[in-house]
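The structures considered in this document are given below.
Okay, so chain A shows up in both of these, paired with chain B first and chain C after.
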Partner chain A sequence: MAELTVVGKPVTRVDANEKVTGEAIYGYDLVLPNMLYGKTLFSTKAHARIKRISTEKAKAFPGVVAVVTGADVPWTHGESIKDKPFLAQGKVRFIGEPVAAVAAEDEDIAQAAVKLIEVEYEDLPVYVDPEEACKSGAVAIHEDFPKYRKVDFIVPGAHANIAEHFKLRTGDVAQGFKESDLVLEEKYFVPMIQHAAMEPHSAHAQFDKETGRLTIWVANDAPFRALHEIAEALGMPKEKIRFINPLQGGGFGSKGGLKVEPIAVALAFHTNGRPVRVKFNREETFISTLTRHEAVVYSKTGVKKDGTLMAREMTIYWGAGAYAEKSPTVCIRGSLPAPGPYRIPHVKVDGYAVYTNKPVAGSYRGYGIPQGAWAGEQQMDEIAKRLDMDAVEIRLKNIFVEGDISYWGEQLHAVGLKETLTKATEAIEWGNKPHQIKPGVKNGKGFACIQKPTRSPTTSAAGVMVNTKGDITVLAGTVEIGQGCNTILSQVAAEELKVPMAKVQMHPLDTDVIPYDASTTSSRSTYHMGNAVRRASIHAREQIMEAASPMLEAKTQDLDCVDGKVFLKDQPQMALTLGEVVRRKFGPEGVVRGDGSYTYEIGKDLDLETGHSDHASAFYMYATQAAEVEVDEDSGRIRILRMSAAHDVGKAINPLNCVAQIEGGVVMGIGSALHEEMVIDQTGKVRNPSFLDYHLVTSLDTPELISIIVECAEPEGPYGAKGLGEPGLAPTPAAIGNAVADALGIRIYDLPLKPENVYWAIQNKKKKDAA
Partner chain B sequence: MNQKIQFTLNGKSTTMEAPTHRLLLDLLRDEIGLTGTKEGCGTGDCGACTVLMNGKPVNSCLVLSGELEGASIVTIEGLKIGPELDAVQNAFVRDGGAQCGYCTPGMLMMSKALLDENSNPTEDDIRFALSGNLCRCTGYAKIIQAVQDAAAMIRSKNVQ
Partner chain C sequence: MKRTEPFEMYQPTSLKEASRLLKEKGPGGRFLAGGTDLVIAMKEKGLVPKYVVDLKRLPGLTGIHENKDGRITIGALTTMREIETSPVLTKKYPFLCQSAAEVGSIQIRNRATVGGNMSNATPSADVAPSLIALQAKTTIASAAGERTVALEEFFRGPGQNVMSTDEILTEVTIPKTSSRLVGEYIKFSPREMMDLAYVGVAVVYTLGEKEKTCEAVHIVLGAVAPTPIRAKKAEDALEGQILSEALAEKVGALAAEEAKPISDVRSSAEYRRAMVGAMTKRALLNAAVGPAKSWVERRDRRY
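And now, the complex of A and B:
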C-alpha cells in the first residue's frame, strides 16, 4: 500500500469551528417559517385501559390549531415488532407514553391546552420486574402480541410477555459441569439507565397536501431506517417522505428509532400544511424516550483446577420496557457473546426480552455487552480467586486468539484481545498491588475483557463529488453525533483523492439527495461507510485520471495524483489540478461524481435453535480495561484513581479521535458503574427524571485515563479499521467491580456501586466475619 | 405582563418588550434568535445555557427577563473578538474539547469566566469551575486540557 498521508494522522475535527462559535444548528435549535408548537400529553398510568379521552376543551382553547389522539392516527411501528402506536390506542403501557398532542401558535398555549385534555383510565396490573412479568399468571401487556407483524428472526417466548427468546446451544453443559473441578453460580443485576445526551429530544414535521410529501427534520441517528418505519406504518411510498438531519447533540443510541417523530407526524397531518415542532424537555426525555435495558443475569461456570473453562450457562432477562423497540436484537446480540471472549466447549445461553410497564429500552452504547460483561467478567475473577490463580493468567489460558472457533461456530480472525489484555493491565502496574495505603481506605485493582460484534449484514453507500475548483463534497448518510465521523470520512476522501483536508466538505444529511446508509449505530460507520466513501473516492479519482489521460497525453497507468494535482509519474512538472481536469472535460460548472457502496454479507443466518452462525458479525471489537480504585470503608465511597483502556481498533484512522471515543466511553461507563440508575417505583413512575437526581459524571469525578490503541488489522476494513464507538463503555463497570472486590474482599452483584450499597456490603461482611 | 427592558447584549445596547417571567434562555433563543446558548435541562442542573451576566457566569435558564434591566450579557456569539477566536475557543478546537458540541458553548463561557479571573488555574481549579457543566461525550479530559492550554496562551500573551 502506498504511504498514507491523511489516514492515520491526528487530524483535528472538521466541525470544531462551528461548534465553538455557537453557529452550529442542532435539532433543538431549529426554527421553521410559520411553525407551530407541539406539546404532548403523557400517560400518568403504567398499565391501564383508556376508558375515555375528551379533547373538546383543548380544541376550543384560543390559539390551538390541532389536537390529536390515537383515534386520529391508527398506525403502529417498531423496528422488528410492530407493537407501538403513534399515540396510545385503547390502553397505555408505561408512565410517559404519549397519549395525545396539541399544536398551537406558541408553546405556552400548547402546554395550557394539553392540561385541558381529560383522560379516564382503568388500572391494570403493573409489572416493573422482568422476571415477574414472565411468570405464569402475569397478564399480557400486549394482548395482541401474536397478531403483530414481526420480522422473520423473532422467536417469541413461552410467556406472552416474552417478545424474544434467544437460544445458544453448544456442547452439553451438564456434561461440562460434571467434568469441572469447580462450579460457581451467581445472580447479577444491572439497572435501567438513560443515555442522557445533552441535547434533549425533538422533531419537526410538515405535510404538504399538494405534493403529498411529508418532511421530517430530526436529529435521528438512523434517518433511512426511521423513514422506512414511517413509510411502512403509514402505507406511504418512501419517495413521499424526506428526512433532514440538523446537527445532533449526542445520542449514544437514544436517537434512533421513533420517539418524538410519530407525535410530530401525527400533528403535521392536521395543521393545514404548517410545520410543527415538538420538543421534549429534560423530564419528558427521561420518562418518554429510550433507556438502556435493565438485566437480570444468572451465570453458572465450570472450570478445571488448572483454570481451563469447561462450561458456562447463562440466563438473561432483558427488561424491554413497554414496547419491543430494539429489544429483540439487543437480546440476540447481547446474549450471544455474553459468556465472554473465551474458548468454552459447553455453552448454553437463554436470553429473554421481556415486556414490562416501564419506559422503553432501546439501543445504548455497548448494545448488551456491558450487562453480560458485568456478570461474566466478575465471575471469571471470582473463579480465579477460588482457584488461587492470577486473574490475568486465567484469562490468558482461555481467551480467544487468532483462528479460534467461537462457541457460536465462527472462526475468528484479527483478534487483538491478548495485546489489549497485556497492555491494559501493565498500564496500571497489575503485578504491584498495595491494598492499604491510607488508614480506613482499601485499594484494589481489577480489569475486564470484552468482544463486541457489530450489526450485520448492513449496507452503506456514498457519493463523492469533485468540482472545477477541486473541492470535494462527500455525500454520506452517517450522522455526526459527536463521534467524529465527518472528520474520519473526510480523511478517507482526502486520502484517496490526494487532496488536503481543507478541500473536503461533508454534504448536509438529507435523504432526498444522500445515498442509503443503514444506521449510525453499532460502531459500524468507520468500517462500512469508510469502505463506501473510499470506493466512491476511488471511483471519482479513476474518472479524473481517465479524463486527464488525453489532456496530458499519457496512459492512465502513467499518471499519479498528489496534493490536488494529476501528473505524469516520470515528469511531475506535467501536471493539472483536479479542478482543471474537471473543467476541461465537463465545462465551467462541471462535476465528477464517484459512487461507492459496501455491503457486508453475512455467512449463514443465525440458526434460531442453536444460535450458531459461521459469520455473525462483519468484524469484532476487542478490548480490555483496567481500574485502580480506593474504597472508603466508613462511607462506602469509591474513588477511581486511574483507568486504562486498551482497544483493538484494527487501524486508527485518526488516533486523536480514537482517544476521544475511548475517554468518552470510559467515563460514561464510570457513571453507570458508580451511580447511574433510573429509580422506578412499584407504580412504574420514574422517581429521578432530572439531572439533579439522576447523577452523571462531572468534571470532579474523573480519574487519570490511560488510552491505548492496539491495531490488529481487519482485512475487509478500510485501511484495516474496525470500529470503536461503543466498546469504551462496555467493560468499565465489570473492571471497577473487580477492583472493588479486590480492595474489599467482597463481591457486589448489583449495579450501581453507590456508597450505600458498598457500605451495607461492608457491614454485612463484618457481621458475617464476627459470627 | 409585557415589560420594556434595556440591556447590553454582546456589547450592543438592546431594547425589547418581553413578559417579566420570560427566561433569559428563551429570550435569547426564541425571541432574539441566538441559538448558540443551549438548553440541556431548563432547571439549572447542566450548565449548557451558561452566559456571562455582568462578567459572572449564570445559568440563563434561571434568569428572568425582569432581572435584565441595565445588565450586560455576553453569549457564545459574543466571545469572538472580531473574526478571531478567543484563546479558549482556539484551545477547544485544537485539543478536541468539543465532540457533539452541545455542552460546548456553556463550557466555553464558564471557562472564559474562570480565566478572566485567574489566568493560572490549577487542574483542581478548572475541575471545580466546570463541575456544574455536564458533558456526556468527552469524559472531560480534553476539556480540562483545553482550559489549561488556553490559560498558558493567555499568560504568554500577557507577558508579551
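And now, the complex of A and C:
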C-alpha cells in the first residue's frame, strides 16, 4: 500500500469551528416557514385502559389547528416487533406514553390546549420488575402479542411478556461444572439509565396533499431505517417519504427508531400542509423517549484449580420497558458475548427481553455489553481471588487469541485483546500495590475486558463527486452525531483522491439524494461507510485517470495522483489538476461521480436453537480498561484516581478522534458506574427526571485518563479499521467495581456504586465481621 | 425550559420607592436578586408572581465592609463569588468563603447573592450554616423601618422565613470574633460540584489561649431538617474540652442524633444521619488543622 497522507493523521475535526462558535444548526434549532408547534399529552398511568378521551375543549381553544388521538392515527410501528401505536390505542403501558397531541400557532397555546384534554383511565396491574413480569400469573402487557408482525429471528418466550428469548448452547454445562474445582454463582443488577444527550428529542413533519409526499426533518441516527419503519406503518410507498437530517446534538443510541417522529407525522396529516414541530423538553425526553435496559444477570462459572474456565451459565433478564423497540436485538447481541472474551468449552446463555410498565428501553452505546461485563468481569476477579491467582494471569490463561473458535462457533481473527490487557494494566502499574495514605480511605485497582460485535450483515453505499474546480463532495448516509464521522469520511475521500482535506465537503443528509446506509449505530460506520466511501473515491479516481490518459498521452497505469493533480509518474511536470480533467472531459459544469458500496457477507444465519453462527459479526472490537480508586470508608464515596483505556481499533484513521471517543466513553461509563440510575417507583413513575437528581459526572469528577490505541488490523476494514464508538464505556463499570472490591474486600453486585450503596455494604460487612 | 407567563417588573432606585411599590401593588409580588432561584421557579416550577421588583438598582446593598468595631457587614446583594474571593473574609473566615465556593458553578456564583440564598430558605442553602455558626444577624427593612433578627431565628421552614412580603433583607452582619476562632464547612454530596448538599456541616469554635480548649462552640447542620439547625447537645459536649479524635467522633454522634433528616430520591434519612456524624467529626478535626489552601486540598479533606 502506498504511504498514507491523510488517513492515520490527527486531523482537526471538519466541524470544529461551526460547533464551537455556536453556528451549527441542530434538529432542535430548526424553524420552518409557516410552522406549527406541537405538544404532547403523556400518559399519567403505567398500565391502564383508556375509557374515554375528550378533546372538544382543546379543539375549541383559539389558535389550535389540530388535535389528534389514537383514534385518528390507527397505525403501529416497531423495528423488529410491530407493537407501538403512534398514539395510545385503547390502553397505555407506561407513564410517558404519548396519548394525544395538539398543533397550534405557538407553543404556549399548544401547551394550554393539551391541558384541556381529558382522559379517563381504568387501572391495570403494574409491572416494574422484569422478573416479576414474566412469572406465571402475570397478565400480558400486550394482549395481542401473538398477532403482532415480527421479523423472522424473533423467538417469543414461554410467557406472554417475554418478547424475545435468546438461547446459546455449547457443550454441556452440567458436565463442565462437574469437572470444575470451583463453581461460583452470583446475581448482579444494572439499573435503567438515560442517554442524556445534550440535545433533547424533536421532529418536524409536513404532508403535502398535492404530491402525496411526507417530509420529516429529524436528527435520527438511521434515517433510512426510520423511513422504512414509517412507510411500513402507514402503508405508504417509500418514494413518497423523505427524511432530511439536520445535525444531531448527541444521541448515544436514543435517537434511532421512532420517538417524536410518529407524533409529528400524526399531526402533519391534520394541518392542511403546514409543517409541525414537536419538541420534547428534558423531562419528556427522560420519560417518553428511550432508556438503557435494566438487567438482572445470574452468572454461574466453573473453573479448574489452575484457572482454566470450564463452564459458564448465564441467565439475563433485560427489562425492555413497555414496547419492544430494539430489545430483541439488544437481548441477542448483548447475551451472545455476555460470557466474556474467553475460551469456555461449556456455555449456556438464556437472555429474555421482558416487557414491563416502564419507559421503553433500547439501544444505548455499548448495546448490551456493559450489563454482561458488569457481571462476568466481576465474577472473573472473584474467581481469581478464591483461587489466589492474579486477575491478569487468569485472564491470560483464558482470553481469546488469534484463530480461537469462539463458543458461538466462529473462528476469530484480528484479536487485539491481549495487547489491550497488557497495556491497560501496565498503565496503572498493576503489579504495584496501591499506596494507602489516608486513614479510613482504602485504595484499590481493578480492570475489565470486553469484546463487542457489530450489527451484521449490513450495507453502506456512498457517492463521491468531483467538479471542475477539483472540489470533492461526499454523499454518505452516515449521520454526524458528534462522533466525528464527517472528518473520518472526508479523510478517506481525501486519501483516495489525493487532495487536501480542505477540498472535501460532506453533502447534507437527505434521503432523496443520498445513497442507502443501514444506520449510524453499532460502531459500524468507519468500517462499512469507510469502505463504501473508499470504493466510491477509487471509482471516481479511476474515471479521472481514464479521462486524463488521452489528455496526457499516457497509459492510465503510468499516471499517478498527488495533491489534487494527475501526472505522469516519470515526468511529474506533465500534470493536470483534477478539476481541469473534469472540465476538459465534461465541460464547464461537468461532474465526475464515483459510486461504491460495501456489504458484509454473513455466513450462516444465527441458529435460533443454539445461538451459533460462523460469522456473527463483521468485526469484533476488543478493549481493556483499568482503574485505580479511593474509597472513603466513613461515607462510601468513591473517587477514581486514574483510569486507563486500551482499545483495539484495527487502525486509527484519526488518532485524535479515537482518543476523544475513548475519553467520552470512559466519562459516560464512570457516570453509569458511580451515579446514574432512573429511580422508578412501584407505580411506574420516574422520580428523578431531571439533571438535578439524575447525576451525570462533571469535569471535576473525571480522573486522569490514559487512552491507549491498539491497532490489530482487520483485513476487510478500510486501512485495517474496525470501530470504536461504543466500547469506550462497556468495561468501565466492571473495572471500577473490581477496583472497589480490591480496595474494600467487598464485592458490590448492584449498580450504581453511589455513596449510600457502598456505605451500607461497608456497614453490613462490619456487622458480619463483628458477629 | 418553559417561557414564563407575562409579568410586570419594576426597578426601584431607593428602598422607599421599593416599599411604596409593594404597598400599592399588594401581596403576590416577588423580589428579584440574582434570579438563580426565582427565574427557575418561574420557568420550571410554575411560579407566577403577580409582579417582580428588581432589587439590583437599590444603592448600598452590595459589598463586604469591615467596621472599626470588628463587625463585618455583607450587603444582601453581594454575590457568592465576591464572598468566595473576598480578601477580608479569606483572612478571617476562610470557611465562609469555602461555603460560598460550594454553590453551583462559577457562572452561578457570579449571579447568586447571599440575600437570595437566605431569603429562599432552602434547607440545603450552603452559606447558611457557616453564617449561623458565626452568630450572624440579618437586617430587614421596609417602609415601616428596620429590624434586626439573628440568622438562627430567620428560617421558619423550607422556603419560609420571618420576613413579611414587603420586607427586604438588606444585610448580614457578623459580630466581632476572637482572633483564635477557627471553623470549617463540609458540603457532602456525591459529586464534586454542581450538586445539592445531602448534608452540610459548619463548625466554629475558639481555641483557648493556653490549653487549646474549644470554646464558644457552634455546630450547624444544613439539609437535614426543615431549616438549618444548631446541634446544641453536640456543642455542649465539646464546650471547654480539648479536641481529640475520639471526642470528635462522640460529638459527631451527638450531632447525628440531633439531625431530623428525611428520606427522598437522593438518599435515605438513615444515611443522611450517618453522614452528619461522619462529616461533623471531620469538620471539627479539619478546623483544628487550619484552612485548606486550594480547591484540591479542600476536596481531599472532605474524605
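Please note the rule applied: the second predicted complex is superposed on the first by the 770 of 771 C-alpha atoms of A that agree within 3 Å, B and C clash if a C-alpha of one lies under 4 Å from a C-alpha of the other, contacts with A are read in each partner's own complex, and residues count from 1 in each chain.
Keep in mind that, in the parts below, a residue touches a chain if its C-beta (ideal position, glycine included) is under 8 Å from a C-beta of that chain, and two chains touch if they have at least 3 such contacts.
It should be emphasised that the depicted structure is a prediction, and the values quoted were computed from it without experimental measurement.
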item: Touched partner set for A:401, first chain B, second chain C, both or neither; value: neither
item: Chain B versus chain C as contact partner of A:675, first or second or both or neither; value: second
item: Which of chain B and chain C A:24 touches, first, second, both or neither; value: first
item: Which superposed partner A:200 touches (first chain B, second chain C, both, neither); value: first
item: Chain B or chain C, by number of chain A residues touched; value: B
item: Partner chain(s) touched by A:281 [first = chain B, second = chain C, both, neither]; value: both
item: Chain B versus chain C as contact partner of A:700, first or second or both or neither; value: both
item: Chain B versus chain C as contact partner of A:15, first or second or both or neither; value: first
item: Contacts of A:692 with chain B and chain C, given as first, second, both or neither; value: both
item: First (chain B), second (chain C), both or neither touched by A:637; value: second
item: On chain A, the residue positions that both chain B and chain C contact, one per complex; value: 281, 692, 697-698, 700
item: Contacting residues of chain A [partner chain C, same complex]; value: 107-108, 111, 281, 438, 440-441, 630, 632, 634-635, 637, 639, 674-675, 679, 687-688, 692-693, 695, 697-698, 700-701, 754-756, 759-760
item: Complex contact set, residues of chain C against chain A; value: 1-3, 188, 190-196, 265-268, 271, 274-275, 278-279, 282, 299, 302-303
item: Residue numbers on chain A that touch chain B, as the complex places them; value: 12-13, 15-26, 28-29, 31, 195-200, 247-252, 281-282, 481-484, 656-657, 660, 663-668, 690-692, 696-700, 702, 705
item: Footprint of chain A on chain B - complex, ascending; value: 29-30, 33-43, 45-46, 48, 75-77, 79-80, 85, 89, 92-94, 96-105, 108, 126-128, 130-144
